[in-house]
Amino acid sequence: MARRARKKGLPPGTIVHTGEMKEGKAKITVIDYDGSGVKEKSVKKVEDCYKFKGNKRTTWINIDGVHDVDVIEKIGKHFGVHPLVLEDIANTEQRPKVEDFDDYLFIVARMFYNGQKEGEVESEQISFILGKDFVISFQENEGDIFDSVRKRIRDGKGSIRKLGPDYLLYALLDAIVDNYFVILESAGERVEDLEEALTLNPSNKTLQEIHRMKRDMIYLRKGIWPLREVISILTRNESTLIKKGTIRYLRDVYDHTIQVIDTIETYRDILSGMVDLYLSSISNKMNEVMKVLTIIATIFIPLTFITGLYGMNFQYIPELGWEHGYPFALGIMLLVALIMFIYFKKRKWI
Amino acid sequence: MARRARKKGLPPGTIVHTGEMKEGKAKITVIDYDGSGVKEKSVKKVEDCYKFKGNKRTTWINIDGVHDVDVIEKIGKHFGVHPLVLEDIANTEQRPKVEDFDDYLFIVARMFYNGQKEGEVESEQISFILGKDFVISFQENEGDIFDSVRKRIRDGKGSIRKLGPDYLLYALLDAIVDNYFVILESAGERVEDLEEALTLNPSNKTLQEIHRMKRDMIYLRKGIWPLREVISILTRNESTLIKKGTIRYLRDVYDHTIQVIDTIETYRDILSGMVDLYLSSISNKMNEVMKVLTIIATIFIPLTFITGLYGMNFQYIPELGWEHGYPFALGIMLLVALIMFIYFKKRKWI
Amino acid sequence: MARRARKKGLPPGTIVHTGEMKEGKAKITVIDYDGSGVKEKSVKKVEDCYKFKGNKRTTWINIDGVHDVDVIEKIGKHFGVHPLVLEDIANTEQRPKVEDFDDYLFIVARMFYNGQKEGEVESEQISFILGKDFVISFQENEGDIFDSVRKRIRDGKGSIRKLGPDYLLYALLDAIVDNYFVILESAGERVEDLEEALTLNPSNKTLQEIHRMKRDMIYLRKGIWPLREVISILTRNESTLIKKGTIRYLRDVYDHTIQVIDTIETYRDILSGMVDLYLSSISNKMNEVMKVLTIIATIFIPLTFITGLYGMNFQYIPELGWEHGYPFALGIMLLVALIMFIYFKKRKWI
Amino acid sequence: MARRARKKGLPPGTIVHTGEMKEGKAKITVIDYDGSGVKEKSVKKVEDCYKFKGNKRTTWINIDGVHDVDVIEKIGKHFGVHPLVLEDIANTEQRPKVEDFDDYLFIVARMFYNGQKEGEVESEQISFILGKDFVISFQENEGDIFDSVRKRIRDGKGSIRKLGPDYLLYALLDAIVDNYFVILESAGERVEDLEEALTLNPSNKTLQEIHRMKRDMIYLRKGIWPLREVISILTRNESTLIKKGTIRYLRDVYDHTIQVIDTIETYRDILSGMVDLYLSSISNKMNEVMKVLTIIATIFIPLTFITGLYGMNFQYIPELGWEHGYPFALGIMLLVALIMFIYFKKRKWI
Amino acid sequence: MARRARKKGLPPGTIVHTGEMKEGKAKITVIDYDGSGVKEKSVKKVEDCYKFKGNKRTTWINIDGVHDVDVIEKIGKHFGVHPLVLEDIANTEQRPKVEDFDDYLFIVARMFYNGQKEGEVESEQISFILGKDFVISFQENEGDIFDSVRKRIRDGKGSIRKLGPDYLLYALLDAIVDNYFVILESAGERVEDLEEALTLNPSNKTLQEIHRMKRDMIYLRKGIWPLREVISILTRNESTLIKKGTIRYLRDVYDHTIQVIDTIETYRDILSGMVDLYLSSISNKMNEVMKVLTIIATIFIPLTFITGLYGMNFQYIPELGWEHGYPFALGIMLLVALIMFIYFKKRKWI
């Protein structure tokens, strides 16, 4: 969020990258296909992909690296994209959204992946521009999330080659949503681990882990919830860019998104319950320690009192002179200890 | 949820079973009936039930075992079902939903049953395809949930034989919802058991049980809540496949679903209250132990101090030489103990 | 809820009483009136009230005892009531609802009354069928809730005799809602008692009472909340059975229902706050005990240490030989006690 | 709420005063004005204000004392008011509402004022009937809340004299809402006092005060929230009795109501946070006491053990005979105390 | 809120400044521009800016200091602004809102800035009047928030000079919303600091800080949430004063507002979780202290009892006469201590 403040005071449409600082140029790949064939190309200069515009085949331009503001600007200008859209592409803390500019749609989604540290979730903004015969996708980093789509295009598997750019957009969104399930899978494992830890050996670290998972769930929810709305808008078929046949597929993605959100909510509910369980578990453990120790102390206190009694130096303490005074005192102590023990037992404190 | 991740990267319409791994073929039974008679048949090869299509009688094909992807695919192709639907049938973590494909409706519901372990709730996805003159139902496992419906068809009891496939769909959904009440019945008993345990002998296990029940309620709610919407959509009579006379019956199921959800919500509220009650109960019990023990300790501390006093070895302690020094000391101790006892009594600590 | 499960597997429209088991026949009373006069009659056989149908006067048939399934079935058949409605009348765990069957309305409401045990709330389902010139009401038990309405009809007080069956329905619903205020009155008293108990002498029983009241409020809310919607539907004037003049009156009942729900919500909020107050109160009380006792113990510990010191048997402890050794030791002890006392006082622990 | 139960069983339209019992007659004042002049009059008999009806000037009849059921009935009959409205005027536990009777509007609002005891909030129902050329207002007690409006009419200040009865209604509602800010002002001061008390010297009384304020906020919210809806309905201009020019003013009152509700919600949130803060503060204070005391005890326990050791009466304890045995023992004790002190210090327990 | 009560009883349209008392005159600056050039002027007397009205160029009048009621009144009269609007401008506790007066729009927003004390958030009301060819903005204090806009107008950077007063309004709102990110940036840092403090060294001060931040978030939310609605209304294009091209820009601000609110909600969720974490952390720390100390005490209690035993003065205690009695006693003590130590170790209390 911090980085967003960098932009303060700049006029609208100024393209500023607000993500993590990075060097190097953006990597551009173009896949151009129709029912009859595929051309795939890695492009060095952004100008090299200008020629694919308007060739009646479906063109997918994928750009890895939105820090390369220059590329965004050039490609934006060539494809007639509104400056505010270009600004949003570079501004990587966008909320998922869809905007309809009549001759193209602008879509922002958020992709999540497990970070390098155990149990850390990271995210990346992915934006799409869907035109009449092209899709341009922007990623923050190079990644393999779209590889399955690329493969399907190459192989001509399924009907992807015949179904135009809106179906391609669907396939890309589907890849993103499919990936959520991978995240949820590992989250589910962490929840199970936590449940086990809670039962076996709850520690303060367990609680911090629960807390961290709750935060992750808030974070996931914040990134996925608006996507539901985005896809719902797409399925309402208000743009001519989305063909009727594709809507059925988008509804499928919509269902998946709902499923993901449902699962996140369930995890949140479960984690909230865990906090209670943890607190009670800890206090139970502590209580047990305290109880046993206090009982030991309490049994010995009267005994020590009796030893003190016969340790007094009065000249006339008759018991001290008795022949069996010592065993007598020991007997009394044993008796007292027994009575207390029975009393505690009876009240179920032991 | 984990298993859902298996499907990552596959093109839409790929039928992958995501439930528990299973062997063996699906079991197919066909019931074909109209007002005049019933034909019931167990089918070995899926092709044997093709002939029932379009015979103007109502045909109910029940398939137990969605892991048999082959059967789903063949039957889907023969009855003209969209590949995404077939995918959803095999993907057993669907949220309940209804989809209208003009010439057929696709409905997903979730059936719950008590697991083998005490207090464990399990679930199974049941899908329906409702056509002009047929219903195809898909279950994960063989089960007896639809036996009452079968019996009614066989016996010609009620008007089920006269009322076509939409009424059959209603009867099947009704059987599922009726079963929820059985689950709620045992849940209600568990709640009562927990209440009793809380009053008589609350232990950490009680809390874990409360926690588990809360999870079960979350789980049930997640599976039943969307069904409410599904049935509500069916009653809105937007599809020509649902006849007007059937809607009245569907509304009845709708009412039952609401009742079930209401009860689940009530249980959740009650269980939340129980956590408070448990925590307070435990801390009360602990407090009682601590209080009594501390009081005993506190009474003896000054007494022990006095014994220490007269155990000192000073050469000139006048009391030590007194003839009645010992009884005098005992008297003082008794007095101190009494004063403290009265003080504690007055402050209502004992 | 348990009893609802009895019905599993039965075809729709099977009339099964799901309330508490009861013997004996239903009690049927008929009041037949118009502007000019009243006829009141207690009916032995259900067939005796058939003749009142269609006589252009307003007929109110009241049936106490829905366990008498036979009566429900006969009267249902004679007045042309849908089997699903008859099923709902006998099934006494219905949620309040209204259903429009064009030539009659079916309404379910829930009546609450204080049970025999202190602070116990019980409930009963009351159903109504409103036709063109009759109202049939079904109660689970004989009760006096409608006596005031009967009296008004007999006395011709107010305009009730002139205003037809829809006004009668209003009067009956009004009697039910009026009764809620009686329940709320006693609930309000219990809340005040609890507040007092919390301030004066909170015990674990207080908490259990708070818990029980919270459950009662959940229970009341569940039964009354849907009634709000029922009456709201009636006031929307979509059925020709409700005359325009009556709507104004129904809106009055609607206002009362909202008031009742508001009060229930307020009680719930207050009760939630009480749990916090109780927990804090208990822990405060405990803390006070612990603090005083611990302070006593702590003051004596160093003193006892000093007595121990001079109780040691070393041959050369110079203080032991001093003439004023004993008063000196006593003085030191006093000093230590004083210093600790002042320190505690200063830190406001005493 | 209790008093509402008095009305059980009475026919609708029976006027029963449900507020606090009171004696004496209602006080009636009439202000009759138009652009050219004002007539103000205190009326003894209710019949004396009949003549103001229909005189084309704006007439404001204010009635203090709704316990005087007779006055309400007479004036109601003369101005053609529906019996249910009269019932609601006397029934002082109404929820704020507006009802449109075509030729007049009935509006109920709730006025709050600080009670005589510190921090106590009381309330009073104020009802209005707005006709074509009159406003009748009903208050429970005599009060000065409308004095500023009276003064403005008398002085002809502002445009109040020119703008008819709907503007008068606005002015009266505005006076009520303005008064809410006075209540919120003192509530705000109490919140600040509580915050200070929490930081300086939290006691059980502080918590009870927080609890009481939370209840007051619930109470205020319950009375003000529906007023928002009332004014919103008035601004929607559906009645011909509200002129278009007045709507702008009503919207202003609407904004104020929202502001009041916002502030109440904010106070509730803050108070909820305070409970946490209080609990933590108390337990912190207790912990501190316990810790210091326990540490003192723990340091002395091993020392006392050593004194006990050398207080034993064995005949052969070599140390007892040493010349420097006593200083040696003292040294050991000092050492033990030091070691423990350093250990505690290191673990940051002191 | 307190200050709002000052206005009680005044007629509507009375302009009363309810903010902090201030002296001095308002500072007025005028910027008058069109595509061809800019005139900027600091105005001494309010009358000097009258001439800019209606000159077909875009005029921006900025007034710093709404306590100068006189200026508001004069300018309001000259530009034909409704008295209720002028009242709202001076009344600085307004909720953000927009009001459409056909020939001008009135907009209220709230600006937040970090106060002088660490972690303190303050706010200021900023109002706008948007006319056909002018924007008048009112601030409470002189500030630099609009400097970037001024600079863009002066420099002719971007298209601001060509796009009229509605675009200017957008630019000003954008500057306000951009500033929210600055506040959120420092809030985010405080959250991180708190998280660190919680892990390393939680103290009561940490909790108070969490509490204070929660209050700040409530405060921010209350001021920003309604702005979302305000901008949403502006984008719905119902006023002719907002040109179609500007709506795209306003939608961008709308997105930013949503992002801000999302972040605030996330912070609130995180802070709520922190309270749990804090409480558990503190009680963990305390438990640890208590446990270790209690264990030490418990080990010594039986030992001290043994020393007491052999400190008794009975004449016949055989062990006292043994030659190795002392080492024997020491041995027993060591044994007891060892057994207890092993027991504690085994139960994992140490």
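A, B, C, D and E are the chain letters, set down in written order, and residue numbers restart from 1 in every chain.
Rule of thumb we're sticking to: a residue touches a chain if its C-beta (ideal position, glycine included) is under 8 Å from a C-beta of that chain, and two chains touch if they have at least 3 such contacts.
These numbers were taken from a predicted model, which means no experiment stands behind them.
Peer 1: Would you mind naming the chains that touch chain D and likewise touch chain E?
Peer 2: Correct list: empty, since no chain touches both.
Peer 1: Spelling it out: a chain qualifies if it touches chain C and also touches chain E; which chains qualify?
Peer 2: Chains that touch both chain C and chain E, as defined above, are D.
Peer 1: What rotation angle takes the CA atoms of chain B onto those of chain E? Round to the nearest 5 degrees.
Peer 2: About 145 degrees, rounded to the nearest 5.
Peer 1: Calculate how many whole Å lie between the centre of chain A and the centre of chain D, each centre taken as the average of the chain's C-alpha atoms.
Peer 2: Between these chains, centre-to-centre, one finds 42 Å.
Peer 1: Distance from the CA centroid of chain A to that of chain E, rounded to the nearest Å?
Peer 2: 26
Peer 1: For chain D, jot down the residues that touch at least 2 other chains.
Peer 2: Counting only residues that touch two or more other chains, chain D contributes 283, 290, 294, 297, 301, 304, 308, 311-313, 317.
Peer 1: Thinking of each chain as a vertex joined to the chains it touches, would you call that graph a line, ring, star, complete, or other?
Peer 2: It is a ring, because the chains touch in a row that closes back on itself.
Peer 1: Take chain A as the starting point, go toward chain E, and spell out the full loop of chains.
Peer 2: A, E, D, C, B
Peer 1: Inside the complex, what are the residues of chain B that reach chain A?
Peer 2: Chain B residues touching chain A: 1-2, 4-5, 7-13, 82, 84, 87-88, 93-95, 97, 99, 204, 207-208, 211, 214-215, 218-219, 222, 275, 278-279, 282-283, 286, 289-290, 293-294, 296-297, 300-301, 303-304, 307-308, 310-313, 317, 319-326, 329.
Peer 1: Which of the residues in chain A come into contact with chain B in the complex?
Peer 2: Chain A reaches chain B through residues 147-148, 152, 157-158, 160, 171, 174-175, 178-179, 181-182, 184-185, 188-189, 199, 248-249, 251-252, 255, 258-259, 262-263, 266, 269-270, 273-274, 276-277, 280-281, 283-284, 287, 290-291, 294-295, 297-298, 301-302, 304-305, 308-309, 311-318, 347, 349.
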